[in-house]
Structure formats: C-alpha cells, structure tokens
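The two complexes that follow have chain A in common; it is paired with chain B in the first and with chain C in the second.
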Partner chain A sequence: MPASSHSSTSPSQVQRRTVETHQLANGLVLLAEPVATAESAAFTLMVPCGSSNDPASRLGLSNMLCDMVMRGAGDRDSRALINDLEVLGVERGESVGISQTSFSGATLADNLLDALAIYADIVLRPQLPAEQLDAAKMVCLQEIHGVEDEPSQKLMDELRRRTYLEPWGRTSHGDESGVEASTAADIKTQWSAHYRPNGAILGVAGKIDWDQLVELVESQFGAWEPVESAKPLEAQREKLSPHIDFEGNQCHIGISFPSVPYSDPKYLQAWAAVGVLSGGMSSRLFTEVREKRGLCYSVSASLQTQRARASVMCYAGTTSERAQETLDVTYGELIRLREGVLQSELQRLKARIKSGLIMQQESTSARSGSIARDWYHLARVRTLDELGRQVDELSAHSINAYLDEHPPNNFTFATLGPQALKIPV
Partner chain B sequence: MPASSHSSTSPSQVQRRTVETHQLANGLVLLAEPVATAESAAFTLMVPCGSSNDPASRLGLSNMLCDMVMRGAGDRDSRALINDLEVLGVERGESVGISQTSFSGATLADNLLDALAIYADIVLRPQLPAEQLDAAKMVCLQEIHGVEDEPSQKLMDELRRRTYLEPWGRTSHGDESGVEASTAADIKTQWSAHYRPNGAILGVAGKIDWDQLVELVESQFGAWEPVESAKPLEAQREKLSPHIDFEGNQCHIGISFPSVPYSDPKYLQAWAAVGVLSGGMSSRLFTEVREKRGLCYSVSASLQTQRARASVMCYAGTTSERAQETLDVTYGELIRLREGVLQSELQRLKARIKSGLIMQQESTSARSGSIARDWYHLARVRTLDELGRQVDELSAHSINAYLDEHPPNNFTFATLGPQALKIPV
Partner chain C sequence: MKFRSATLDNGLEIVAECNDLAHSLGVGFFVRTGARDETDEVAGVSHFLEHMVFKGTPRRTAEDVNRDFDEIGAHYNAFTSEENTVYYASVLPEYQEPSIDLLADILRPSLRDDDFNMEKKVILEEIQMYADQPPFGMDDHIKALHFGRHPMARSVLGTCETIGALSVDQMRTYFESRYCPSNVFVAAAGKVDFDQLVKQVEARCGHWEPRAATRELPKPASKPAFESVVRESSTQQYILQLADGPASEDADRYAAKLLATILGDDSGSRLYWELVDPGIAETASLGHYEYQGLGMLYTWLSCAPDDAAENFAKLREVYANAEQDGFTDEELRQARSKVKARVVLGSERPRNRLFNVGGNWMQRREYRSVTNDLATLDGVALDDLHAELKKYPLTRATTVSIGPLQELEPLA
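For the complex of A and B:
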C-alpha cells in the first residue's frame, strides 16, 4: 500500500516554466511557453467567431466558414495550401465553438514559423472560392445528418439547447435550412465581421525562440485590421419538451445544472466537485451507476464553461428497460453532492489532477491550447507551477463551502429514446 | 514556400534512445525506453488473451474477464484496488483485441513501481468475485446494446466479420448469448488458460531506473506460472450478405482488401500506400470523396494488422441519396491505387510520418505501447532512430513495386442502411 506522500507532486516534477506574452497593436495576443526538452512546437490560434455569431437564419455559418478558409488562402489555391501544410508535417485540426474558432497544429519545431505564416494567410487572406461553396455545403450538411446517427451526441445537443438562453445553447453545425441558405456573400460577411485580431489569441508551446516568434507574428499578423463587432443578443427560446422520440432499443439521458464559469474565483472548487462525481473509476457516478448496478456502460458528468456562464452536463446511455432506474440513480447522485465531498475522495482527485498536469506538461499541443484558453477566460496565463500550487491548496472544506453556496439545483433534463421517462421535480 | 529540406528530420530531432530488454524465466518480456527528459512513466502490459480465445459459445468472455480482474486483486477488494490506483495518479485503460488484452497506464515516474506491483496482482491474483458477476455481465451487455446505437461501429464490426475466417473477424464484446451464458467458472477457466507469462509483454517508457525496474518485475511477476495453450482453430464461417438493413437516413459503407501483416518485410510499403489513400487532407479519399464532391463528412482507410494476417479497411458514411456514388468513387480510388503513387504524394506522406514520430517521441504512453507492439509482431524493438531511417529510405519505386505484386483485389463489402447498394464486381 503506497504511502500518500507518493501521490504528491514535488516542485521538481512540475517544471518551473515561464509563459511569454506579447500583444500586437491590433489586439492579437501572442503567448508562448518555451519547452527546452521538446523537439516539437504546437500552436492554437483562436479567432472570435463562433456559432453565437451566426445570424439566426444562417445557423451553421461559422462552421461553414471554417471549412471554406481551408480551401485556399493568399497565393495558394486549395490544393497548394493543403500540400504546403502537409509538407511541413503539420498535424492540424479546426473546431468551432460557441464563441471561437480554433485552428491548432503541431509540427517539428523548425517548421513552426513557416506554418504560422500559412495560418496568417488562412485567417487574413482566405480565397473563399465561390466554386467550392457547394462542396463545402455538402460537407456541412453531411455533418448535420451524421448527428442523426449518433444519438448520444444528438441528446447532448438537445440538452444544451434546453439549458441556455439563445444563442448560448447552439451547436456549431447549425441546421439544414441555415446551411442551405448560406451564400458566398454570407460567408464573406461573416469572415469580415468576426475573423479579427481584437479578441484573437495565439498560444504556442514547444522548442521556440521567443524573439524570432514575436518578429514573425508581428510581420505576418501585424496588418490584420481590428473590427468592432456587436455582441450577440440574448433571448429566451420557446420551451422545449424534455423528451425526444427516437426509434431503437437504447435510451439516452442528459441532466444539467448551473455552475460557475472558468473566471470565477470558486471555479476550481466547482470543478473538483464534478471530479468527485465523475472522472475516475472510483468516482460516484461510475461506482453507483456502472460498477454496482451495471445500469449502463457509459455515464459521465463534466463542467462545461463559456466565458460568462457554465453548466455541469451529465450523460448516461442505457437500454429502455433500465432507463428510469438509471435516471433516478444518476439524479440521486447529483442531489447527494449537496451533502459535500469526503477527504478521501479529494485525496484521489488530487492525485489524478497532479498526474494529469505532468502529462499535460509533456504535450506541447495540450500546453498551447491550455495557455490560449487561460487567456481567453482570465486575460492572463497560469503557469504549470501555479496550477500545481492551486491544486495543493484545494481542501474538502473549501469545496464543501462552495457546494453549500451553490447546491446542485435548477436541473434541466433531456431524454432521447422510444419512450418518455418520469422526470423528478 | 518552404524548401523541402525543412520537412526532413535531422538526427538531432529523432532522439537516439535505447530500448532495454529482459526476459523472465517464465517467458514474460520486459522492455523499457528510458526518457531522461520526462517526469512521467507509462506502461503497456499485454497478456495473450483475446476474443479469438473465447469459446464459440461464450463470445465476449475475454472482455468480461477484463472487467472482472479490475474488481479486486491480491489483498485488495474492488474498492481498495481502484482507490490505490487512483491515489497513485494512474491514468489507465484496458482494451481487448483479437489476441491480446492490454492494460495500460501512465503516472508520475515515482509511482511507476507501486503501480506495476498492483498490476501484478491484477493479472496473477484477481479475486474474480462471484457476487459482482451480474454487474459485470450487465456492463458487457450494455456495451453490446450500445453498438446498436453506433451504426458506423456496427458496420465496421460486420465488415471485419465478413473479411476474415473464424475466429479472426470477431469483436471483443461478443454477443448477447455468449455473455449471458458466461459463469463464474468460465471466467476463472479463461483466466487460468490465457493470463500467462509466456506470450505476455510489458513495455515501459519514461523516467525510469532500469535496474530497479528489472528487480521489481522479477519479484512481482517472477512467480507467474507459464501455461501451454492451444491455438485457436480456423474455420470458414457461413456466407453473409453484404447488406445489413438499418433504419434511418444514413448509409454506412465498408470495403476491405487483403494486405500484409506488420512483420512482413514490405509492411512499410503497404502502410505507405494506405497513407497516400487516407490520412492527410491531401490524401486521395479525402480529396476525391469529401473535398471535391462533398459526398460525406467522414471517409477513411487504415491498414489493420493482426500477427499473421492484415487488411485495409475503408469506411465512408453518407446519406442514402449519395450512398451509391460514394461507394463507387471510394471503390474507384482503391482500384486506382494499382497504378501506383506519385513522388509528390510520398513527399507529403514522409513529412507527416516524421512529424508523427516526433510527437510519439514526446509521449511516454505512445512509446510504451509502440515498443510492446513491436515485440509482439517482430520479437524485437525498433528504436525511434531506426524508424526514422526506414522512413527516409522509403521510395515511390519500392511502394509501386509492392503495389504491382499486391494490387488491391479480392474486395469484401459491407453496407448498412435503409437499402442495399449495387456492389461492383
């Protein structure tokens, strides 16, 4: 049996790394965490264009724009653009969230600056070729149809829609009519209004030379013109029924409740409480729903945060016969969280978090995303060191004080399956 | 435009690391790649118990055993076992393949030896508590039912079933009747026969002390008794129709053709040909099926290798209306591969592989899995350095020579959706 001291992370394990910061005159924030032991470098470029910025009659427009900007930029047509990124060995991905589009990539450190120069073209000078609009539209429609075949995703989309005011519960892929209606002019307008440096963040981690990086970013992104953009308007949406009819043998259950966003001083406490609920194999949901009762093979909860609001989102998927019991047991665990967490649960959680920090430290991709996210939410970056100390200081007392002030409450339910379930009140 | 020299990896980028090897008297092979710059250590423990070892009337038994061994081992009951792994910060996962069960984990380097001692209990001294059999069975049944909700997975399961002789096309989760019928005695028999050191491999990567590791593994795994075990018998299975009826709007298409396994001298050529077909954004399938025609949002091919056989497995998911065209275009690309690959395609591919090697080098989890897999297939381990050189030497000529000898042929088809498609002959 290991002594508990084994699980604590000594300062030598969490490295003392610095994070460099530089803001361009146009507003773009450049962040970098140099990692001397790495041979790779990774970046995450966030631009302030998300599904909350889609016009109400063009849901899915930002997602379609994200597809279109990769179809040629600057002097490179679609084929040359992709070719040159691949020749640089860039492992890339794009994702569209509620408020941001993220372009991320990782490659050999020597290729980083060339790759970033291409991304400057992608966001500043996309060709948005009209003759490729139909193909992009087809891809986006296929994505929407694909969700019909993934009922767990469909259910969580529906839960988010029921949890938030408009536009905060939207999905990035939008809807069929919005995508169908989108024109080349809509794409261009969306790009002009929302691909802008004020509000954009570029996070880099890996083997880098900071001075060279600043110089490259200044020269490639310096001419990007800031644009003022109206904030999305909030609106109540029509009340939706908690149940969605869906053929099949399985039932998918979603429950959400309000939490505090990333920038809240109590965020770590809120996040730790969810960690006790879900995450490890000794977490409450896993133990009570899956291990003891075998009610389902998949049950989880996570704290999903936007800049100004956050919710805990729970999911369980099971057979129709066991659906009501699964819902009741899962809901019971959410209610029981009001009674607080135990010291022993916190000890396991801290060990998991510490281990996760070490893994993150060894991934340049994870770090580039993490520092960009920190800036987005906090307008500053926490070092790994600081994160380690915050975790050390976390106490069951502080988590329970948070839960006293914010007991799980005001639940939203969504179920998807062949029959409706009894929703607790 | 970057010079192509940018994309090549200099010796300083792929590190010259050694891989240590030690075989215990009972047959267990211990491999370790020390990584001086890491603070983590990761392990992959493969035991020779896979779904091909399931009795024909107990399909899913190895999967159920894998669930059961985590429910208490040595002196620890289910709860203590999970608690102690979590207190050590072990990020863990288990998976059951056709010939192996893999237990993998990563944690702080200081906790590695304590974690391995617990895994010795898990494989040598599982409690297999009879009173938890029903819960384990429920979890396994839920997993089987869950596939009904994931038509893309269901389709690929059906494709594999049609591609191979019995037992090589099995799924790990088995079937309902096999899981229902499994008793505590079956579980115990499966464990006795197949959790054995002869044929087991333990790969470790990270910040390790080799001498200490050997000592720990000798003391914890040395008493594990070898068992001789009969090889699974091959058998023809009844001929299955290529089409599986499935309600909904989407159609899922699978195509496979024979390839060469990992240990074949031409494996790298076979694998590179598939890399030209699928993998990057300029790959043929992505370009022809998704980008140009927008036929689907997901299309891919991969070389899936077992020890003595391998296949290329292609998948495309689309709407019913576009299904026939998607199948025809995808199939057309497989046929076109017979004509060979271009130098420019190889150049991009090499850049991607090199970049992937650097990323792998920075992940202790990836390396522990990779060295264990190498040993399983080759009975030796290739260093990163050697891999880098093999990639450097890869030529379009050698790939095309391979394709001349092994043109894509003898295709197997599976489709899943509301209506059958016309299968090319």
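For the complex of A and C:
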C-alpha cells in the first residue's frame, strides 16, 4: 500500500478565515465566521446588562432578570420555551458578567435560524411572568447560598470585591437583601433600560449562509428599539479586611494587582507576562509553589479584563499550616516578575498560544464567543491569522519593556480560612 | 473519518480515528488500572502514581517533562478513575512524534524517593481540598454503603492515612504489575498519521516486557441503605442517591442515558421542572455512569436544609411515578435530540473524539463512529426505557444526606 497520507512535518498555520460584519440600524452588531467544514453552528448574544447596572439596593437584579427572561417569551410559556430549544438540540448557557449578559448556544447548523428566532423573543419579548417572580428569587438565593460551600469561589469573589471600585468588583449573584427586595416592577425596569440593541453583539460561527443569516437577524431583531443608558457611577467602597474566617481544612489565598485591559496596545505583553507566571506546567507558579515545594495542589494566575480596567488575579489553596509559606512564595514570584521574563519562557508560551489558537478553530462555540468578545473590547474583530501574526511578533524585549513600565505593584490580598495570615507589605 | 488499529509483538495495541480535516490531534496512553485494582494497604496508589509519572524518567527530570510538553505547545493532563488511568495530550500535527516520545517515556517513570516524598504532600493537599468541597467525601462513602466490599467501592484518592503510610517500594510493585503492554493501549484521534504512529510507538514501547495483568471482577451485590451525616458548617443540605444501572458492556446503556436525560438532565427534565425551576433546589440531577461489570444511576440534590425533607419526598415521587406510569413519546423525542446534538457537537474536537475512541476501546475493545452512536440512539424505543426502569428501579437506592440537618426523615 502506498504511504500516501499527508505527513505533516511543516508547521501548522492558522487558517485564513474571514469574519463578516453587519450593523443593524438600531445598533445591534452581527458578526459571523463561516466554517464550511463544520456540522454545527454556535452563537453568543451579548446584551449590555450586567451587575454594574444593578441599583445599589438591588444587587443581583440583572442575574434575576436573566433567569426571568427564560421563563417564557413571545407566545411560548416557560415550559414551551425550554422544550422547543431542546428539541432543536440547542446546548445553551446564560451568564451575567459585570457589564453584559451573554446568551450562548450551539446546535446542528440546520437549526441555527430557528434557535435565533427564539432568542429574539427572549430578549425582545420576554413575558416576565409575575407569578414566577418568587421562583426566580429562590433560584438566585440558592446560587448565593451555594457559593458559601465553595470556598475557592467565595475567596475569589471576595478578592474581586476588594480589588475594584464600586461597581466593578461585584459578583453577578449579588446579595440576599438585594434579591429579596427586587419586585416585578424592578425586573421590568431593568429589562427596559438595559436589554437594548445599541451595545448588543451577536457573534455566530459555523456552517452558515451569511445572506440568510443577515435576513433572519434583520427580520427578528430589526424592531428592537434603542435606549439611551447612563454609565454606572464609580464609588469607593468601605475598606474590607483581607481575612475572612472560614471553617475548613484548607486556607484559600488570593492576590491581585492592576494590569491593562484588552483594548490596550500592550495587552498582549501583559497577557504573555501572566502566561510565564501561570501557563502550562513549566510556568513559574506551578514550578515554585507546587513542584519544588509541594505546598499545594492548586495554584494559578490569570489576567481578568473588563472594558476599561483589568487585574491579574492569583489563587492558591493549601492546608493552614503551610498557608503562610504558600502566600510568601506566591507573592515572591509576583515580585520576581518585575525582573522580566526569559527568552526560553516566551518560546514555550508562544508554542502554547499558537496551538491554542489553532485548536480554537475546531470549536464553533469558542469562535462565536471570541469574535463577540473582540467586538465588545475593540469594536472590531481580529481574525485568527492576524492574532497569530501578533503572537509571532511578541518578543521578550517588548514584554520586559511592559514590565518595566507596569511592574506588579499595588497588591490586594484576600485570605479565607481558619486563621489570618501575615500580609507582606 | 477512518478507524485504524495495530498490535505490537508485545501485545500493546494502537487504535486511532483519523480525520484529515482536523487541525490537531489528541493522543493518549490508556492504562487499565485504577482504584478497583488496589488493596487496602495501597489505597490511593493508582492516583498517586499518576502524579509520579510526571516526575521524570532516566532521560528526563520532572522539570524536563513539564518543559518538554510546554515546548511543543501541548495541552496535556492525566486522570485516574476507579478503573482507568489516562495520560493525554492535544498537539498540532507536526508534534505527533515528540508527543509520543514524551508520553511513552513518562510511562516508564523513575519513581525517585525525593520526588515521591515531595509529591505526597501535593496528594495530601488534594485530599484536603476535596474534603472541603461538596459532597465532602460522601461520593466515596455512598459507594461503600451501596456496594459493600466490592472493589468498585474503593476511593480513588485514598485517605490521608493510607497515602501517608504508602512507601515508594509499594508503588513500584504496583507499577510493575499494572503498566505492562497488555494492560496499556495507545489511542489517537484527529489529524493522525497512523503508519507513523505505529512506528513511533513501536520504537519506544516495543521493548516493554510482556506480562499478564488481571482484574478481579466479582459480581456486584448492592444493598440499599440510608445514612444522615451531620456537617454543621455546611450552608446547604446535599442528598446523594445511588442505584444500580447497566454496566459498560450492556447494550441497554443507551437507554439508561436517555432515561437519565428525561428524568434528571440539568435543564428541561422532570427533576428540573419539579425542583430546580421553582427554585426550591439549587441543583437536582441524575446521571448514568458505566464501569466494567457494574453501572450506577447517580442522583445529586442540593438545597436549603429546611426544604430538604420535602424535596427528598418530591424526588422519590418523581422516580416512583416514572416507574409506575412510564414516559411519553414527546419526552423521548426531546431527550434524543438533545443527546444526539451533544454527540455531534462534541465530535468536532479531536480531544473529545480521543476520549470517545479510547473509552470504547477500554470498555469493549470496539470502535464506534459518531454515525453508529446516532443510529443506536435512534433505535431506542419507549419500551426500552420502561424495561430499563423495571430492571434498575430508581426507588431501590442508597441515600446519603450531608449537611446541617441532624436527620433527614425518609418520608413514606
């Protein structure tokens, strides 16, 4: 038999794919990356309603609204809505962030347009049934209570709260009093003010026909009325102590420091620096905290970006007796990052980023989310091959120049466990 | 998509689903060993060994292993279950050979004393971490309650005591007996060059000495039980239920998947409408888990402690009604379209196909394409679901309740 299979010895390249864009008269931006070889199509619909839009006495309102819009829309009641999406095979998810509510879904390509028509009902014509308000409230309270039993998540929520000015450090689930106080009128008001096409983005990826998609989106979302909306006001919040008492075997440690947001020209440098800290098992935190000292099972750092601000958030969880050492070693690595990164570290990181980009092509869900996020932050979409070129151009020199300008500094700490730790200053 | 397989002279098998349209490939070494193959003295050794495999070989230090994987941009990891231990990597096609070189090399680890002692600390941290998270170790406990001394009831992690007492010599002995060519196979999916793959594996694993590895397969004899475990610091109450289900070799496992979807999927299921949608439970779900010679139907419910007794009664009612009145065509149609869409969506990533191809080979030494799976799902009829519930009644289950409640009254 001839050995004719294409033996791939040449380096893989990111495919050249185009991203189509179309803006409706009401402001809604439609983006699509057609993928001829896919059998699926996925979408991410971002609506500009996040926890930063919650009134201060109604923390958790946007999250509750997100639950309520799924309880019936257009002609469908709650049960018909969920059932019809399931019959279409839509794998769906909803999430509320600081500035956005995202509705995402993936299904067989043939069912995409039918699914999108249902989502038009969900955002434009939700029934918001008053008799289901109590149920929605209880769902939201369950979420708040559930976090109490998840110490690592609770710690990271507390770290974010301590890192940012109000309202940027909020959690989507809010607090018990905010959820309990919310009325049907509050829900309706929040929906009218923030479920709006100006500022909304619909990203689609997969096996699609662009012209058909534009037509469907124009007909289903075209009547959506724009609303002018005020920006959330910033405020200092009361100073919180770093330690939170918690009964458990482990102590959970969080450290954050300021970074630059996605739209910053130096974002890639900032992101790469965090990658050296915590990307792959040869990264610094994994090597120093876990591999060399066996201090913990879980240690990581990631750059978390909002539109106008960003922070690096680090986490480590360890038994109480070793918590101080874990905190000190982790902190030490953040300080050491000021000295810069090595060429060899960058080389490994680039290899990881590149394979990550290429593998992202294989998921329509990942692509629909990525292009929508790009537009949200940049008001344009970078194709994967453009991103690939930017990664190729990254140099240790440019990362170190960034670190000289923005050395890890102004740290915020949070610890959760049986006893307080000594915070390095 | 094309399935290929080969066997080396020492018995090591290689299987792959080759897809020329893929951009990457997933490759894994699947070892037929896990908690069920352990004894009391070495409880947790399979999982500890999985960590030690990354700690270096005669050719590589632990740092070399991590660095070499990162240098080829691999997305890699490993996991241990009750019956298998899997080491895998997703890479770009040009790194097929280096990824095989790495995986094959680490599958013959040095198991050095210093590394063993250091990694023991990490394992102890992992055990403590899970002890602080729901269901607070009760997932192990409920298996032991339900299946008694059956090997499948063993804990994957082990305990602080068993791990603390484990010696590196015990681990070496376990390794020798389990990681032999007849008990390991290589699976790959995606843009795989199969002819090269066979050569690459042969060059690195062809000299591995053949040896027989056996597994005890006692018939499971389950005995439903009920237990309340008090954990005052919990905010929520957690209720776990374990009932018998089809094993991985049973043809009716597809019916079990559909049945679990109708009754207990995260969304749109009977438990969802009864407990989650009204907000009286945080989560309520049913899943089917299949193993060699034994299957489990596993229920998970979490809610406020005050609502637990009532929710538990509702849960039992949902199951009793299903056993008595069965399901509707509409429910089956909905569950089927959901499960089929998941099969197709999942198949677009080589990494997902790797676990599918590897899992089928592990369990049944068979290859099943996406098309096979879809056709089988289409063939499941309503009567099959009803027969399934007769054979594996959900009302015959072991229950463990964990949380602040002193007692969960099992309402009649």
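Here, the second predicted complex is superposed on the first by the 413 of 425 C-alpha atoms of A that agree within 3 Å, B and C clash if a C-alpha of one lies under 4 Å from a C-alpha of the other, contacts with A are read in each partner's own complex, and residues count from 1 in each chain.
We take it that a residue touches a chain if its C-beta (ideal position, glycine included) is under 8 Å from a C-beta of that chain, and two chains touch if they have at least 3 such contacts.
Values in this document were obtained by computation on a predicted structure and should not be read as measured data.
Colleague: After the match on chain A, would you call chain B and chain C a fit or a clash?
Modeller: Clash: chain B and chain C overlap once superposed on chain A.
Colleague: So in the superposed three-chain picture, is A:T364 touching just chain B, just chain C, both, or none of them (first/second/both/neither)?
Modeller: Both partners.
Colleague: Answer with first, second, both or neither: which of chain B and chain C does A:V87 touch in the superposed model?
Modeller: Once the two structures are laid over each other on A, A:V87 reaches both partners.
Colleague: Between chain B (first) and chain C (second), which, if any, makes contact with A:G317: first, second, both or neither?
Modeller: Both chain B and chain C are touched by A:G317.
Colleague: Going by the contact rule set out at the top, does A:E225 touch chain B (first), chain C (second), both, or neither?
Modeller: After superposing on A, A:E225 lies clear of both chain B and chain C.
Colleague: Quick check for you: in the superposed arrangement, does A:E405 touch first (chain B), second (chain C), both or neither?
Modeller: neither
Colleague: Applying the document's definition of touch, where does A:D114 land relative to chain B and chain C: first, second, both, or neither?
Modeller: The first partner, chain B, only.
Colleague: If we overlay the two complexes on their shared chain A, which of chain B and chain C does A:E148 touch? Say first, second, both or neither.
Modeller: Both chain B and chain C are touched by A:E148.
Colleague: Could you pull out which residues of chain A sit against chain B in one structure and against chain C in the other?
Modeller: 6-7, 9, 12, 15, 37-40, 78-79, 82-83, 86-92, 106-108, 134-139, 141-143, 145-146, 148-151, 247-250, 280-282, 290-298, 317-319, 347-348, 351-352, 354-356, 358-359, 361-365
Colleague: Enumerate the contact residues on chain A facing chain C in the complex.
Modeller: 3, 5-12, 15, 37-40, 78-79, 82-83, 86-92, 106-108, 134-143, 145-146, 148-151, 247-250, 280-283, 286-287, 290-298, 317-319, 347-356, 358-359, 361-365
Colleague: Give every residue of chain C touching chain A within the complex, in rising order.
Modeller: Going through chain C, the ones touching chain A are 18, 20-24, 54, 62-63, 66-67, 69-75, 90-96, 118-126, 128-129, 131-134, 191, 193-196, 233-236, 267-268, 273, 276-283, 302-304, 333-334, 337-338, 340-342, 344-345, 348-351.
Colleague: Using the touch rule from the top, collect the residues of chain B that touch chain A in their complex.
Modeller: Going by the criterion above, the answer is residues 1-2, 4, 6-7, 9, 12-15, 37-40, 70-71, 78-79, 82-92, 106-111, 114, 134-139, 142-143, 145-146, 148-152, 247-250, 252, 280-282, 290-298, 317-319, 344, 347-348, 351-352, 354-356, 358-359, 361-365.
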